[in-house]
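The following blocks contain the structures, represented as C-alpha coordinates.
Two complexes come next, and they have one chain in common, chain A, joined by chain B in the first and chain C in the second.
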Partner chain A sequence: MKRKLMDILACPIDKYHPLELHVFEEGEEIVEGLIICPKCLRWFPIREEIPEMLPDELRNEKDELPFLEKWRGKIPKRILLEGKPFRFTNTKG
Partner chain B sequence: MRSRNSVFCYEGYSFVVFKEVYKPAEDTLLLARNLVVRRGECVLDMGTGCGILAVVTAEMAARVVAVDINPYAVVCTKKNADLNGLRPKIEVLLGDLFSPLDSSRKFDLILFNSPYLPVEEDEGGSWIEKAWAGGETGRKIIDRFIEEVPEHISQEGRILLVQSNLSNVRTTLDFLDQSKLQAAVVDKEKLNFEEIVLIEAKKQPEGACT
Partner chain C sequence: MSVWNQKRQHMRYYNNIARFYDEVYGEEQELKIQAAIESLQLPIGSFVLDLGCGTGLLIPKLMRIAECIVCIDMSRTMIERVDLKTRRLENVHMILADADHTPLRQGDFDVIFAITLLQNMPDPNRTLREIRYNAKPEALIVVTGLKKHFSRKDFLKLLKEARLETKSPESDNILNCHVATCTKH
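Moving on, here comes the complex of A and B:
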(Lines of atoms letter the chains of each structure in order from A and count residues from 1; the text may use other names and numbers.)
(Lines give C-alpha, C1' and ligand atoms only; values in the text may rest on other atoms or scores of the structure.)
Protein backbone atom coordinates (compact mmCIF):
# COMPACT_ATOMS: atom_id res chain seq x y z
CA MET A 1 0.00 0.00 0.00
CA LYS A 2 1.22 3.44 -0.86
CA ARG A 3 1.18 5.90 2.03
CA LYS A 4 -0.81 8.42 0.01
CA LEU A 5 -3.82 6.08 -0.04
CA MET A 6 -4.48 7.23 3.55
CA ASP A 7 -5.73 10.51 2.02
CA ILE A 8 -8.85 8.78 0.75
CA LEU A 9 -9.49 6.02 3.28
CA ALA A 10 -12.38 6.28 5.71
CA CYS A 11 -13.72 3.81 8.26
CA PRO A 12 -16.20 1.57 6.40
CA ILE A 13 -18.42 1.44 9.48
CA ASP A 14 -18.66 5.05 10.71
CA LYS A 15 -16.95 6.86 7.79
CA TYR A 16 -14.47 8.57 10.13
CA HIS A 17 -11.51 10.20 8.34
CA PRO A 18 -8.53 10.48 8.69
CA LEU A 19 -7.58 7.05 9.96
CA GLU A 20 -4.40 6.15 11.87
CA LEU A 21 -1.62 4.27 10.11
CA HIS A 22 0.91 1.99 11.83
CA VAL A 23 3.63 0.61 9.57
CA PHE A 24 5.30 -2.68 10.53
CA GLU A 25 7.20 -3.52 7.37
CA GLU A 26 7.90 -1.27 4.41
CA GLY A 27 9.71 -1.64 1.10
CA GLU A 28 8.68 0.34 -1.96
CA GLU A 29 5.21 0.12 -0.45
CA ILE A 30 3.88 -0.71 3.00
CA VAL A 31 4.02 -4.51 3.14
CA GLU A 32 2.45 -5.07 6.56
CA GLY A 33 0.74 -2.60 8.81
CA LEU A 34 -2.42 -1.64 10.61
CA ILE A 35 -5.08 0.97 9.90
CA ILE A 36 -7.09 2.09 12.91
CA CYS A 37 -10.31 4.08 13.21
CA PRO A 38 -9.71 6.23 16.30
CA LYS A 39 -13.45 6.77 16.67
CA CYS A 40 -14.77 3.19 16.85
CA LEU A 41 -11.41 1.41 17.49
CA ARG A 42 -11.86 -0.87 14.49
CA TRP A 43 -8.61 -2.14 13.06
CA PHE A 44 -7.85 -3.22 9.52
CA PRO A 45 -4.77 -5.21 8.52
CA ILE A 46 -2.45 -4.37 5.67
CA ARG A 47 -1.12 -7.70 4.39
CA GLU A 48 0.86 -8.46 1.24
CA GLU A 49 0.77 -4.70 0.54
CA ILE A 50 -3.04 -4.62 0.41
CA PRO A 51 -5.24 -2.79 2.94
CA GLU A 52 -8.15 -5.01 3.97
CA MET A 53 -11.11 -2.78 4.81
CA LEU A 54 -14.02 -5.21 4.75
CA PRO A 55 -17.18 -4.81 6.84
CA ASP A 56 -17.33 -6.93 10.02
CA GLU A 57 -19.61 -9.62 8.58
CA LEU A 58 -17.11 -10.52 5.88
CA ARG A 59 -14.16 -10.80 8.26
CA ASN A 60 -12.87 -13.99 9.80
CA GLU A 61 -11.52 -14.04 13.33
CA LYS A 62 -9.49 -17.20 12.78
CA ASP A 63 -7.77 -15.61 9.82
CA GLU A 64 -7.10 -12.24 11.46
CA LEU A 65 -6.21 -12.84 15.11
CA PRO A 66 -2.85 -14.41 14.17
CA PHE A 67 -2.02 -11.08 12.53
CA LEU A 68 -2.62 -9.24 15.82
CA GLU A 69 -0.49 -11.86 17.56
CA LYS A 70 2.33 -11.50 15.04
CA TRP A 71 2.64 -7.74 15.58
CA ARG A 72 1.48 -7.66 19.21
CA GLY A 73 4.52 -5.70 20.37
CA LYS A 74 3.87 -2.89 17.90
CA ILE A 75 0.11 -2.58 18.22
CA PRO A 76 -1.38 -0.02 20.63
CA LYS A 77 -2.67 -1.65 23.82
CA ARG A 78 -6.14 -0.23 23.42
CA ILE A 79 -6.51 -2.11 20.12
CA LEU A 80 -5.29 -5.38 21.64
CA LEU A 81 -7.78 -5.06 24.50
CA GLU A 82 -10.68 -3.05 23.07
CA GLY A 83 -10.24 -3.22 19.29
CA LYS A 84 -13.08 -4.21 17.00
CA PRO A 85 -14.22 -6.52 15.55
CA PHE A 86 -11.71 -8.90 17.17
CA ARG A 87 -9.49 -8.59 20.24
CA PHE A 88 -7.62 -10.95 22.48
CA THR A 89 -9.98 -10.84 25.44
CA ASN A 90 -12.65 -12.42 23.21
CA THR A 91 -10.79 -15.66 22.97
CA LYS A 92 -8.30 -15.65 25.79
CA GLY A 93 -10.56 -14.48 28.61
CA MET B 1 -15.76 -22.10 -10.42
CA ARG B 2 -13.02 -22.78 -12.97
CA SER B 3 -10.52 -25.31 -11.76
CA ARG B 4 -7.38 -23.47 -12.86
CA ASN B 5 -5.96 -20.02 -13.22
CA SER B 6 -6.08 -18.69 -16.76
CA VAL B 7 -4.46 -16.04 -18.91
CA PHE B 8 -6.27 -13.24 -20.73
CA CYS B 9 -4.78 -10.84 -23.25
CA TYR B 10 -6.16 -7.47 -24.30
CA GLU B 11 -4.59 -4.73 -26.44
CA GLY B 12 -1.05 -5.85 -25.72
CA TYR B 13 -1.60 -6.31 -21.99
CA SER B 14 -1.53 -9.73 -20.34
CA PHE B 15 -3.49 -10.80 -17.30
CA VAL B 16 -3.39 -13.77 -15.01
CA VAL B 17 -6.91 -14.58 -13.83
CA PHE B 18 -7.02 -16.60 -10.61
CA LYS B 19 -9.65 -19.33 -10.61
CA GLU B 20 -11.49 -17.54 -7.78
CA VAL B 21 -11.76 -14.31 -9.82
CA TYR B 22 -14.21 -13.26 -12.56
CA LYS B 23 -12.66 -13.77 -15.97
CA PRO B 24 -13.04 -10.79 -18.33
CA ALA B 25 -16.01 -11.34 -20.63
CA GLU B 26 -18.21 -9.39 -23.07
CA ASP B 27 -19.33 -6.98 -20.33
CA THR B 28 -15.71 -6.18 -19.46
CA LEU B 29 -14.85 -5.55 -23.10
CA LEU B 30 -17.92 -3.38 -23.70
CA LEU B 31 -16.54 -1.09 -21.02
CA ALA B 32 -12.92 -1.40 -22.13
CA ARG B 33 -13.54 -0.41 -25.74
CA ASN B 34 -15.44 2.72 -24.69
CA LEU B 35 -12.82 3.95 -22.25
CA VAL B 36 -11.54 7.46 -22.71
CA VAL B 37 -8.98 8.49 -20.11
CA ARG B 38 -7.38 11.91 -20.21
CA ARG B 39 -3.83 12.40 -19.07
CA GLY B 40 -3.55 13.07 -15.36
CA GLU B 41 -7.02 11.94 -14.37
CA CYS B 42 -7.85 10.08 -11.15
CA VAL B 43 -9.75 6.87 -11.82
CA LEU B 44 -11.73 4.60 -9.52
CA ASP B 45 -12.22 1.05 -10.80
CA MET B 46 -14.99 -0.40 -8.65
CA GLY B 47 -15.16 -4.20 -8.64
CA THR B 48 -11.84 -4.42 -10.40
CA GLY B 49 -11.74 -8.26 -10.63
CA CYS B 50 -8.43 -9.23 -12.22
CA GLY B 51 -7.64 -5.52 -12.63
CA ILE B 52 -7.95 -5.34 -16.41
CA LEU B 53 -9.66 -1.92 -16.50
CA ALA B 54 -7.35 -0.55 -13.82
CA VAL B 55 -4.32 -1.54 -15.90
CA VAL B 56 -5.74 -0.22 -19.18
CA THR B 57 -6.61 3.16 -17.63
CA ALA B 58 -3.36 3.47 -15.66
CA GLU B 59 -1.36 4.18 -18.80
CA MET B 60 -2.90 7.68 -19.08
CA ALA B 61 -4.24 8.27 -15.58
CA ALA B 62 -2.28 9.93 -12.80
CA ARG B 63 -3.74 7.55 -10.25
CA VAL B 64 -6.00 4.51 -10.31
CA VAL B 65 -7.70 3.17 -7.20
CA ALA B 66 -8.89 -0.42 -7.73
CA VAL B 67 -11.44 -1.77 -5.24
CA ASP B 68 -12.89 -5.26 -4.91
CA ILE B 69 -14.71 -7.18 -2.18
CA ASN B 70 -13.05 -10.45 -3.22
CA PRO B 71 -9.70 -11.03 -1.44
CA TYR B 72 -8.46 -13.14 -4.36
CA ALA B 73 -9.34 -10.37 -6.83
CA VAL B 74 -7.23 -7.71 -5.13
CA VAL B 75 -4.18 -9.99 -5.02
CA CYS B 76 -4.78 -10.84 -8.69
CA THR B 77 -5.02 -7.12 -9.55
CA LYS B 78 -1.77 -6.37 -7.73
CA LYS B 79 -0.07 -9.14 -9.69
CA ASN B 80 -1.40 -7.86 -13.00
CA ALA B 81 -0.38 -4.30 -12.20
CA ASP B 82 3.15 -5.65 -11.66
CA LEU B 83 3.09 -7.84 -14.78
CA ASN B 84 2.17 -4.87 -16.95
CA GLY B 85 4.62 -2.46 -15.32
CA LEU B 86 1.89 -0.16 -14.01
CA ARG B 87 2.09 -0.84 -10.31
CA PRO B 88 3.33 2.67 -9.41
CA LYS B 89 0.02 4.15 -10.57
CA ILE B 90 -2.37 1.53 -9.22
CA GLU B 91 -3.56 1.41 -5.60
CA VAL B 92 -5.41 -1.76 -4.66
CA LEU B 93 -7.97 -1.87 -1.86
CA LEU B 94 -10.08 -4.70 -0.41
CA GLY B 95 -13.49 -3.34 0.49
CA ASP B 96 -17.23 -3.22 -0.07
CA LEU B 97 -18.12 -0.61 -2.72
CA PHE B 98 -17.50 2.96 -1.51
CA SER B 99 -17.55 2.09 2.20
CA PRO B 100 -13.77 2.50 2.79
CA LEU B 101 -13.51 5.73 0.77
CA ASP B 102 -13.71 9.25 2.14
CA SER B 103 -15.89 11.47 0.00
CA SER B 104 -13.57 14.47 0.18
CA ARG B 105 -11.42 12.96 -2.58
CA LYS B 106 -13.26 13.11 -5.93
CA PHE B 107 -12.56 10.97 -8.98
CA ASP B 108 -12.60 12.09 -12.63
CA LEU B 109 -13.67 8.69 -13.91
CA ILE B 110 -15.49 5.91 -12.05
CA LEU B 111 -15.88 2.49 -13.70
CA PHE B 112 -18.26 -0.24 -12.57
CA ASN B 113 -18.93 -3.53 -14.30
CA SER B 114 -21.74 -4.30 -11.91
CA PRO B 115 -22.90 -7.65 -10.52
CA TYR B 116 -26.29 -7.67 -12.23
CA LEU B 117 -27.60 -11.23 -12.36
CA PRO B 118 -30.81 -11.88 -10.46
CA VAL B 119 -30.14 -14.73 -8.02
CA GLU B 120 -31.90 -16.27 -5.07
CA GLU B 121 -30.78 -14.58 -1.88
CA ASP B 122 -28.06 -16.38 0.03
CA GLU B 123 -27.41 -18.58 -2.94
CA GLY B 124 -23.96 -19.29 -1.68
CA GLY B 125 -21.00 -17.80 -0.02
CA SER B 126 -18.21 -18.02 -2.55
CA TRP B 127 -16.19 -14.89 -3.25
CA ILE B 128 -16.40 -15.19 -7.04
CA GLU B 129 -20.22 -15.18 -6.93
CA LYS B 130 -20.08 -11.62 -5.71
CA ALA B 131 -18.85 -10.71 -9.20
CA TRP B 132 -22.25 -11.41 -10.72
CA ALA B 133 -24.86 -11.92 -7.99
CA GLY B 134 -27.15 -8.90 -7.66
CA GLY B 135 -29.77 -10.19 -5.24
CA GLU B 136 -33.33 -11.24 -6.15
CA THR B 137 -33.88 -8.47 -8.68
CA GLY B 138 -30.26 -8.22 -9.78
CA ARG B 139 -30.29 -4.62 -8.56
CA LYS B 140 -29.01 -4.92 -5.00
CA ILE B 141 -25.47 -3.77 -5.71
CA ILE B 142 -26.27 -1.43 -8.62
CA ASP B 143 -28.71 0.51 -6.43
CA ARG B 144 -26.16 0.88 -3.63
CA PHE B 145 -23.58 2.04 -6.17
CA ILE B 146 -25.90 4.70 -7.63
CA GLU B 147 -26.87 5.94 -4.19
CA GLU B 148 -23.27 6.53 -3.18
CA VAL B 149 -21.50 7.46 -6.41
CA PRO B 150 -22.54 11.16 -6.55
CA GLU B 151 -20.43 11.93 -3.47
CA HIS B 152 -17.31 10.54 -5.12
CA ILE B 153 -17.38 11.97 -8.63
CA SER B 154 -15.86 15.34 -9.54
CA GLN B 155 -18.02 18.08 -11.03
CA GLU B 156 -16.76 17.32 -14.56
CA GLY B 157 -16.31 13.59 -13.97
CA ARG B 158 -17.79 10.61 -15.85
CA ILE B 159 -19.24 7.37 -14.58
CA LEU B 160 -19.29 4.28 -16.81
CA LEU B 161 -21.57 1.48 -15.66
CA VAL B 162 -22.24 -1.87 -17.35
CA GLN B 163 -25.37 -3.87 -16.66
CA SER B 164 -27.82 -6.10 -18.49
CA ASN B 165 -31.48 -5.90 -19.51
CA LEU B 166 -32.00 -8.76 -17.05
CA SER B 167 -31.89 -6.26 -14.21
CA ASN B 168 -33.92 -3.37 -15.65
CA VAL B 169 -31.94 -0.65 -17.40
CA ARG B 170 -34.83 1.87 -17.18
CA THR B 171 -34.74 1.68 -13.39
CA THR B 172 -31.02 2.48 -13.43
CA LEU B 173 -31.53 5.51 -15.68
CA ASP B 174 -34.39 6.78 -13.50
CA PHE B 175 -32.43 6.23 -10.30
CA LEU B 176 -29.38 8.02 -11.74
CA ASP B 177 -31.63 10.93 -12.67
CA GLN B 178 -33.01 11.04 -9.12
CA SER B 179 -29.40 11.14 -7.91
CA LYS B 180 -28.95 14.30 -10.02
CA LEU B 181 -26.83 12.59 -12.65
CA GLN B 182 -27.36 12.91 -16.39
CA ALA B 183 -27.30 9.41 -17.81
CA ALA B 184 -27.63 7.72 -21.19
CA VAL B 185 -26.99 4.36 -22.81
CA VAL B 186 -23.89 4.89 -24.97
CA ASP B 187 -23.26 1.34 -26.25
CA LYS B 188 -24.86 -2.09 -26.12
CA GLU B 189 -24.30 -5.65 -27.21
CA LYS B 190 -26.69 -8.55 -27.73
CA LEU B 191 -25.62 -11.87 -26.23
CA ASN B 192 -27.47 -15.18 -26.26
CA PHE B 193 -29.88 -14.60 -23.41
CA GLU B 194 -29.48 -10.93 -22.61
CA GLU B 195 -28.42 -7.55 -23.87
CA ILE B 196 -25.64 -5.79 -22.00
CA VAL B 197 -25.58 -2.01 -21.98
CA LEU B 198 -23.02 0.62 -21.13
CA ILE B 199 -24.42 3.65 -19.33
CA GLU B 200 -22.52 6.89 -19.05
CA ALA B 201 -23.48 9.34 -16.31
CA LYS B 202 -22.28 12.81 -15.39
CA LYS B 203 -23.21 15.39 -12.80
CA GLN B 204 -25.92 17.74 -13.94
CA PRO B 205 -24.49 21.23 -14.48
CA GLU B 206 -24.75 23.28 -11.30
CA GLY B 207 -27.87 25.38 -11.20
CA ALA B 208 -29.60 23.39 -13.96
CA CYS B 209 -33.36 23.09 -13.78
CA THR B 210 -34.67 19.55 -13.84
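Moving on, here comes the complex of A and C:
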Protein backbone atom coordinates (compact mmCIF):
# COMPACT_ATOMS: atom_id res chain seq x y z
CA MET A 1 0.00 0.00 0.00
CA LYS A 2 1.23 3.47 -0.87
CA ARG A 3 1.10 6.13 1.85
CA LYS A 4 -0.72 8.48 -0.54
CA LEU A 5 -3.84 6.30 -0.35
CA MET A 6 -4.42 7.59 3.19
CA ASP A 7 -5.47 10.96 1.66
CA ILE A 8 -8.75 9.43 0.47
CA LEU A 9 -9.34 6.48 2.81
CA ALA A 10 -12.29 6.58 5.19
CA CYS A 11 -13.74 4.03 7.58
CA PRO A 12 -16.00 1.67 5.57
CA ILE A 13 -18.50 1.60 8.44
CA ASP A 14 -18.87 5.21 9.66
CA LYS A 15 -16.99 6.93 6.79
CA TYR A 16 -14.79 8.84 9.24
CA HIS A 17 -11.73 10.52 7.73
CA PRO A 18 -8.78 10.82 8.31
CA LEU A 19 -7.77 7.39 9.52
CA GLU A 20 -4.64 6.58 11.52
CA LEU A 21 -1.79 4.68 9.89
CA HIS A 22 0.74 2.53 11.75
CA VAL A 23 3.53 1.08 9.61
CA PHE A 24 5.25 -2.11 10.79
CA GLU A 25 7.23 -3.07 7.69
CA GLU A 26 7.94 -1.01 4.61
CA GLY A 27 9.77 -1.69 1.35
CA GLU A 28 8.77 -0.15 -1.97
CA GLU A 29 5.32 0.02 -0.36
CA ILE A 30 3.91 -0.53 3.11
CA VAL A 31 4.13 -4.31 3.43
CA GLU A 32 2.55 -4.75 6.87
CA GLY A 33 0.71 -2.21 8.94
CA LEU A 34 -2.50 -1.19 10.59
CA ILE A 35 -5.18 1.34 9.72
CA ILE A 36 -7.34 2.55 12.61
CA CYS A 37 -10.60 4.48 12.65
CA PRO A 38 -10.18 6.76 15.69
CA LYS A 39 -13.95 7.24 15.88
CA CYS A 40 -15.21 3.65 16.12
CA LEU A 41 -11.86 1.98 16.97
CA ARG A 42 -12.13 -0.48 14.10
CA TRP A 43 -8.77 -1.70 12.90
CA PHE A 44 -7.84 -2.95 9.46
CA PRO A 45 -4.68 -4.90 8.67
CA ILE A 46 -2.32 -4.22 5.78
CA ARG A 47 -0.90 -7.59 4.77
CA GLU A 48 1.49 -8.27 1.91
CA GLU A 49 0.98 -4.67 0.69
CA ILE A 50 -2.82 -4.92 0.50
CA PRO A 51 -5.05 -2.98 2.91
CA GLU A 52 -7.94 -5.21 4.04
CA MET A 53 -10.94 -3.01 4.78
CA LEU A 54 -13.88 -5.39 4.78
CA PRO A 55 -16.97 -4.93 6.98
CA ASP A 56 -17.06 -6.96 10.21
CA GLU A 57 -19.35 -9.65 8.79
CA LEU A 58 -16.84 -10.58 6.09
CA ARG A 59 -13.90 -10.84 8.48
CA ASN A 60 -12.68 -13.94 10.22
CA GLU A 61 -11.44 -13.80 13.81
CA LYS A 62 -9.34 -16.95 13.45
CA ASP A 63 -7.53 -15.39 10.51
CA GLU A 64 -7.03 -11.96 12.07
CA LEU A 65 -6.14 -12.44 15.74
CA PRO A 66 -2.73 -13.91 14.78
CA PHE A 67 -2.01 -10.56 13.04
CA LEU A 68 -2.75 -8.67 16.29
CA GLU A 69 -0.56 -11.17 18.14
CA LYS A 70 2.31 -10.81 15.64
CA TRP A 71 2.46 -7.02 16.02
CA ARG A 72 1.19 -6.82 19.61
CA GLY A 73 4.17 -4.75 20.76
CA LYS A 74 3.54 -2.08 18.12
CA ILE A 75 -0.24 -1.85 18.28
CA PRO A 76 -1.81 0.86 20.49
CA LYS A 77 -3.19 -0.54 23.77
CA ARG A 78 -6.65 0.88 23.11
CA ILE A 79 -6.91 -1.33 20.02
CA LEU A 80 -5.71 -4.44 21.84
CA LEU A 81 -8.27 -3.80 24.61
CA GLU A 82 -11.19 -2.15 22.83
CA GLY A 83 -10.56 -2.54 19.10
CA LYS A 84 -13.30 -3.71 16.78
CA PRO A 85 -14.28 -6.18 15.51
CA PHE A 86 -11.73 -8.38 17.35
CA ARG A 87 -9.62 -7.76 20.45
CA PHE A 88 -7.77 -9.75 23.07
CA THR A 89 -9.84 -10.65 26.10
CA ASN A 90 -6.68 -10.83 28.19
CA THR A 91 -3.91 -8.35 27.35
CA LYS A 92 -0.68 -8.38 29.27
CA GLY A 93 0.83 -5.67 27.05
CA MET B 1 -29.84 -16.76 2.01
CA SER B 2 -28.76 -13.71 4.01
CA VAL B 3 -26.97 -10.81 2.36
CA TRP B 4 -23.75 -11.68 4.18
CA ASN B 5 -23.94 -15.35 3.29
CA GLN B 6 -24.34 -14.40 -0.37
CA LYS B 7 -21.30 -12.16 -0.12
CA ARG B 8 -19.27 -14.87 1.63
CA GLN B 9 -20.27 -17.29 -1.09
CA HIS B 10 -19.08 -14.86 -3.78
CA MET B 11 -15.80 -14.29 -1.96
CA ARG B 12 -15.18 -18.04 -1.85
CA TYR B 13 -16.18 -18.46 -5.49
CA TYR B 14 -13.83 -15.77 -6.76
CA ASN B 15 -11.01 -16.88 -4.46
CA ASN B 16 -11.35 -20.35 -5.97
CA ILE B 17 -11.51 -19.35 -9.63
CA ALA B 18 -8.92 -16.53 -9.51
CA ARG B 19 -6.12 -18.81 -10.72
CA PHE B 20 -7.78 -19.48 -14.06
CA TYR B 21 -10.14 -16.46 -14.27
CA ASP B 22 -8.30 -14.66 -17.09
CA GLU B 23 -7.98 -17.85 -19.10
CA VAL B 24 -11.72 -18.56 -18.90
CA TYR B 25 -13.26 -15.09 -18.74
CA GLY B 26 -10.45 -12.79 -19.94
CA GLU B 27 -11.67 -12.45 -23.53
CA GLU B 28 -15.28 -11.82 -22.47
CA GLN B 29 -14.12 -9.24 -19.93
CA GLU B 30 -11.94 -7.47 -22.51
CA LEU B 31 -14.98 -7.06 -24.79
CA LYS B 32 -16.99 -5.52 -21.96
CA ILE B 33 -14.13 -3.20 -21.04
CA GLN B 34 -13.74 -2.11 -24.66
CA ALA B 35 -17.47 -1.36 -24.87
CA ALA B 36 -17.31 0.46 -21.55
CA ILE B 37 -14.43 2.77 -22.38
CA GLU B 38 -14.98 3.46 -26.07
CA SER B 39 -17.89 5.80 -25.37
CA LEU B 40 -15.94 7.68 -22.71
CA GLN B 41 -13.92 10.84 -23.03
CA LEU B 42 -11.81 10.24 -19.97
CA PRO B 43 -10.39 13.57 -18.85
CA ILE B 44 -6.64 13.54 -18.24
CA GLY B 45 -5.87 13.67 -14.54
CA SER B 46 -9.07 11.89 -13.48
CA PHE B 47 -9.62 10.05 -10.22
CA VAL B 48 -10.94 6.63 -11.24
CA LEU B 49 -12.63 4.01 -9.07
CA ASP B 50 -12.78 0.43 -10.37
CA LEU B 51 -15.32 -1.48 -8.28
CA GLY B 52 -15.03 -5.23 -8.61
CA CYS B 53 -11.64 -4.85 -10.27
CA GLY B 54 -10.96 -8.59 -10.33
CA THR B 55 -7.58 -9.32 -11.86
CA GLY B 56 -7.13 -5.69 -12.92
CA LEU B 57 -7.89 -5.95 -16.65
CA LEU B 58 -9.08 -2.34 -16.76
CA ILE B 59 -5.90 -0.84 -15.30
CA PRO B 60 -3.67 -0.95 -18.43
CA LYS B 61 -6.33 1.00 -20.37
CA LEU B 62 -6.37 3.84 -17.86
CA MET B 63 -2.99 3.97 -16.16
CA ARG B 64 -1.47 6.54 -18.51
CA ILE B 65 -4.43 8.91 -18.38
CA ALA B 66 -5.68 8.72 -14.80
CA GLU B 67 -4.14 10.67 -11.96
CA CYS B 68 -5.23 7.98 -9.55
CA ILE B 69 -6.87 4.56 -9.97
CA VAL B 70 -8.38 2.92 -6.90
CA CYS B 71 -9.21 -0.76 -7.43
CA ILE B 72 -11.55 -2.55 -5.06
CA ASP B 73 -12.45 -6.21 -4.89
CA MET B 74 -13.69 -8.50 -2.13
CA SER B 75 -11.57 -11.43 -3.28
CA ARG B 76 -8.02 -11.26 -2.01
CA THR B 77 -6.91 -13.97 -4.43
CA MET B 78 -8.20 -11.98 -7.41
CA ILE B 79 -6.27 -8.88 -6.25
CA GLU B 80 -3.14 -10.99 -5.85
CA ARG B 81 -3.48 -11.99 -9.53
CA VAL B 82 -3.04 -8.36 -10.62
CA ASP B 83 0.40 -8.08 -12.14
CA LEU B 84 2.80 -6.88 -9.43
CA LYS B 85 4.36 -4.24 -11.71
CA THR B 86 0.89 -2.80 -12.36
CA ARG B 87 -0.06 -2.95 -8.68
CA ARG B 88 3.08 -1.01 -7.81
CA LEU B 89 2.51 1.82 -10.30
CA GLU B 90 2.56 5.08 -8.42
CA ASN B 91 -1.03 5.99 -9.37
CA VAL B 92 -2.59 2.54 -8.75
CA HIS B 93 -4.04 1.54 -5.38
CA MET B 94 -5.55 -1.85 -4.49
CA ILE B 95 -7.97 -2.37 -1.58
CA LEU B 96 -9.69 -5.50 -0.33
CA ALA B 97 -13.18 -4.18 0.38
CA ASP B 98 -16.91 -4.57 -0.18
CA ALA B 99 -18.45 -2.40 -2.93
CA ASP B 100 -21.40 -1.70 -0.60
CA HIS B 101 -19.08 -0.38 2.15
CA THR B 102 -16.28 1.40 0.34
CA PRO B 103 -13.48 2.69 2.59
CA LEU B 104 -13.44 6.02 0.79
CA ARG B 105 -14.32 9.67 1.39
CA GLN B 106 -17.46 11.02 -0.19
CA GLY B 107 -17.36 12.39 -3.74
CA ASP B 108 -13.71 11.92 -4.70
CA PHE B 109 -14.08 10.23 -8.10
CA ASP B 110 -14.48 11.60 -11.63
CA VAL B 111 -15.10 8.21 -13.21
CA ILE B 112 -16.46 5.02 -11.63
CA PHE B 113 -16.53 1.62 -13.30
CA ALA B 114 -18.73 -1.22 -12.08
CA ILE B 115 -18.07 -3.93 -14.66
CA THR B 116 -19.41 -7.43 -13.92
CA LEU B 117 -20.35 -6.24 -10.44
CA LEU B 118 -24.09 -5.67 -10.02
CA GLN B 119 -25.13 -9.26 -10.73
CA ASN B 120 -22.92 -10.39 -7.86
CA MET B 121 -24.34 -7.95 -5.34
CA PRO B 122 -27.29 -9.06 -3.15
CA ASP B 123 -28.95 -5.63 -3.36
CA PRO B 124 -27.93 -3.75 -6.54
CA ASN B 125 -29.85 -0.65 -5.36
CA ARG B 126 -27.64 -0.51 -2.29
CA THR B 127 -24.53 -0.83 -4.45
CA LEU B 128 -25.65 1.98 -6.77
CA ARG B 129 -26.28 4.23 -3.75
CA GLU B 130 -22.69 3.66 -2.66
CA ILE B 131 -21.50 4.43 -6.19
CA ARG B 132 -23.40 7.75 -6.06
CA TYR B 133 -21.75 8.45 -2.70
CA ASN B 134 -18.29 8.00 -4.22
CA ALA B 135 -18.99 10.03 -7.35
CA LYS B 136 -18.22 13.72 -7.82
CA PRO B 137 -21.28 15.76 -8.91
CA GLU B 138 -20.33 15.60 -12.60
CA ALA B 139 -18.82 12.11 -12.52
CA LEU B 140 -19.21 9.54 -15.26
CA ILE B 141 -20.42 6.17 -14.04
CA VAL B 142 -20.08 3.08 -16.22
CA VAL B 143 -22.19 0.11 -15.17
CA THR B 144 -22.75 -3.29 -16.76
CA GLY B 145 -25.63 -5.67 -16.11
CA LEU B 146 -25.59 -9.31 -17.15
CA LYS B 147 -28.40 -9.92 -19.66
CA LYS B 148 -29.42 -13.23 -18.11
CA HIS B 149 -29.75 -11.44 -14.76
CA PHE B 150 -31.39 -8.16 -15.87
CA SER B 151 -33.71 -7.51 -18.79
CA ARG B 152 -32.85 -4.23 -20.55
CA LYS B 153 -36.00 -2.68 -19.11
CA ASP B 154 -35.18 -3.80 -15.54
CA PHE B 155 -31.58 -2.64 -15.89
CA LEU B 156 -32.60 0.85 -17.00
CA LYS B 157 -35.26 0.98 -14.27
CA LEU B 158 -32.63 0.08 -11.68
CA LEU B 159 -30.38 2.91 -12.85
CA LYS B 160 -33.29 5.34 -12.89
CA GLU B 161 -34.31 4.39 -9.34
CA ALA B 162 -30.73 5.07 -8.26
CA ARG B 163 -31.15 8.59 -9.75
CA LEU B 164 -28.55 7.91 -12.43
CA GLU B 165 -29.18 9.48 -15.79
CA THR B 166 -28.28 7.07 -18.55
CA LYS B 167 -26.34 8.78 -21.33
CA SER B 168 -25.58 5.84 -23.55
CA PRO B 169 -27.29 2.55 -22.84
CA GLU B 170 -25.53 0.08 -25.10
CA SER B 171 -27.01 -3.27 -25.89
CA ASP B 172 -24.44 -4.79 -28.15
CA ASN B 173 -25.58 -8.19 -29.31
CA ILE B 174 -22.05 -9.59 -29.09
CA LEU B 175 -21.95 -8.86 -25.38
CA ASN B 176 -23.67 -10.89 -22.70
CA CYS B 177 -24.32 -7.70 -20.75
CA HIS B 178 -25.86 -4.25 -21.01
CA VAL B 179 -23.38 -1.37 -20.74
CA ALA B 180 -24.58 2.03 -19.53
CA THR B 181 -22.70 5.28 -19.12
CA CYS B 182 -24.48 7.46 -16.57
CA THR B 183 -24.26 10.71 -14.67
CA LYS B 184 -25.88 11.70 -11.37
CA HIS B 185 -29.24 13.50 -11.52
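The definition used in the following text is that the second predicted complex is superposed on the first by the 89 of 93 C-alpha atoms of A that agree within 3 Å, B and C clash if a C-alpha of one lies under 4 Å from a C-alpha of the other, contacts with A are read in each partner's own complex, and residues count from 1 in each chain.
Everything below uses one rule, namely that a contact is a pair of C-beta atoms (placed from the backbone, for glycine too) under 8 Å apart; a residue touches a chain by one contact, two chains touch by 3 or more.
Computed from a predicted model, the values in this text were never measured in an experiment.
In the superposed pair of complexes, A:M1 makes contact with chain B and with chain C alike.
Legend: residue contacts after superposition of the two complexes on their common chain; A:E49 is shown touching both chain B and chain C. When the two structures are aligned on the shared chain, A:L58 is found in touch with chain B and with chain C. Of the two partner chains, chain B and chain C are each touched by A:P12. Residues 1-2, 4-5, 8-13, 15, 17, 48-55, 58 of chain A lie at the contact with chain B in one complex and at the contact with chain C in the other. Contacts from chain B toward chain A in the complex involve residues 65, 69, 71, 74-75, 78, 91-96, 99-105.
Partner chain C is touched in their complex by these residues of chain A: 1-2, 4-5, 8-13, 15, 17, 28-29, 44, 48-55, 57-58. Here chain A touches chain B in the complex through residues 1-2, 4-5, 7-13, 15, 17-18, 48-55, 58, going by the rule given at the top.
Chain C contributes residues 4, 7-8, 11, 68, 70, 74, 76, 79-80, 87-88, 90, 93-98, 100-106, 108 to its touches with chain A in the complex.
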